[in-house]
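Below you'll find the structure I mean.
So that you can tell them apart, the chains are marked A, B, C and D in the order they are listed, and the count of residues begins at 1 in each.
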Amino acid sequence: MENSTQTPAFTLPVQISFGHCDPAGIVFYPNYFRWFDRCFHTFLLDRAGGHRKLCGDLGARGIGLMDVGANFPSPALDGDMMELQMTLLDWGRKTLKLGYRGLIGDRTVVEGFELRGLFVERDGRMRAGDMDALRAVLEP
Amino acid sequence: MENSTQTPAFTLPVQISFGHCDPAGIVFYPNYFRWFDRCFHTFLLDRAGGHRKLCGDLGARGIGLMDVGANFPSPALDGDMMELQMTLLDWGRKTLKLGYRGLIGDRTVVEGFELRGLFVERDGRMRAGDMDALRAVLEP
Amino acid sequence: MENSTQTPAFTLPVQISFGHCDPAGIVFYPNYFRWFDRCFHTFLLDRAGGHRKLCGDLGARGIGLMDVGANFPSPALDGDMMELQMTLLDWGRKTLKLGYRGLIGDRTVVEGFELRGLFVERDGRMRAGDMDALRAVLEP
Amino acid sequence: MENSTQTPAFTLPVQISFGHCDPAGIVFYPNYFRWFDRCFHTFLLDRAGGHRKLCGDLGARGIGLMDVGANFPSPALDGDMMELQMTLLDWGRKTLKLGYRGLIGDRTVVEGFELRGLFVERDGRMRAGDMDALRAVLEP
């Protein structure tokens, strides 16, 4: 997969807990997406003072999600420590594609992506904004 | 408990699902509070057009939580249908106490309360607003 | 998209609530996956007595997730009533692909899929089981 | 409140993220209980190899919740770093009361408790087990 060769832009440690798991004893999958989103927002906090400040700086309403996907090669259990690596995979003119990989030791438990856009209001309508200004902040 | 004698103001059916349950196979307890909150907000939708419209009507920022508690006499499992009953338990001058009881058949699985206040901004500061106007809407 | 032409096998109504939404006022996206999963499990309950009974009948450990994806053409807000339609999109020898579409009125807010497999234990190892028996139950 | 004078047995740092917050821009309250539970389970991992191992050692089915409560003196926002302190507040013969306090800097945003019991199966029925063995492990 394409995100395997890049250095992660950010890494979020996630201590898998009892409450993240389902009756089969493995992580209930929607939690992975909460961690994807949290990883991206923690990256924004680290790199640019957070989502709110960044949107203020860029005159945007949000850096929202357009498309997302993931697959799960191996299960994660209560007590596992997962390292979630995030990569700035691809910049389009109006999109940013983020790649994610969750590792427990050297075993991959989740691999996925988020496609995000910058939402700006113009003439009372929401539009996808140009990514140049965001790119300049996140990839200096 | 005091809320057992009143007629519920609202009832929310909750179909307990696999993903609500933990590795012990029973409901992961924070979910009960998501259902308490959803029950109250669905009641607001039913009675007053929803939280946003109601706050607009009352000039308030939110109907927020101050205190909450619950106990769990019996477990709930994947496949159970829970009926969550909500009672307008007590109106204070600046508070509303809601009582909750979750039943599976005639077995109680959760019993709890929420203490909520009306948050209004005055002179740039957030304050607890008077409950009279809210009471007039919710208890006509 | 391919799932638009089939009749849904199951439909789950979802009343969007305040607590499902983020500071931008729209549904926090991991919730859509909780609803996908809940829709599938409620379908199992309706069609086959639920996940636990069905796994017992089939000698399986679970009907787990292998791959998932979604896109979000339009936002959903507190107070919206979403109808989540699920389609049995495609049966492979060892996989079932489910299609999802969430509608508010006739506006699509989410479109996605889950690829699921039947996990059986054989000789102490977890394997992907044959889907014939599951198909016979779910598509009589 | 009684838990203010004891040294915390465990502290969990929680980086408040966008997805933890509601349309009012503050933490959606059920998340605090997910953090209470995660704090306790991370403590078990740190002190006794985790919930599963500990239950195995003690012949128990779980260390489950009986009663819980919290109040919210001040809001927490996206970007805040909360330090969640947990105290072993009180050991009963068949109960353990845990105290929680969440601080952002020196401002308390949540204060609460969990009352937990040890669930053991005896003669085919679930009973509350004696806490002596658990106490010996957690408070050496």
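Keep this in mind: contacts are C-beta pairs under 8 Å (C-beta built on N, C-alpha and C of every residue); 3 or more make two chains touch, one makes a residue touch a chain.
Keep in mind that what you see is a predicted model, and the values were worked out from it rather than measured.
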Which one of the chains is farthest from chain D, going by Cα centres?
C
Chain pair with more C-beta contacts, A-C versus A-B
A-C
So the centre of each chain is just the mean of its C-alpha atoms; given that, what is the distance between chain A and chain C in Å?
23
Averaged over CA atoms, how far is the centre of chain A from the centre of chain B? Could you give it in whole Å?
32
Residues of chain C touching 2+ other chains?
18-19, 23-24, 28, 30, 34, 37, 52, 78
Complex contacts: residues of chain A adjacent to chain D:
15, 17-19, 34, 37-38, 41-42, 45, 50-52, 78-79
Contact footprint of chain D on chain C as seen in their complex:
18-19, 21-25, 28, 30, 78
Please give the residue numbers of chain C that touch chain A in the complex, ascending.
23-24, 26, 28-31, 33-34, 37, 52, 61-62, 64-72
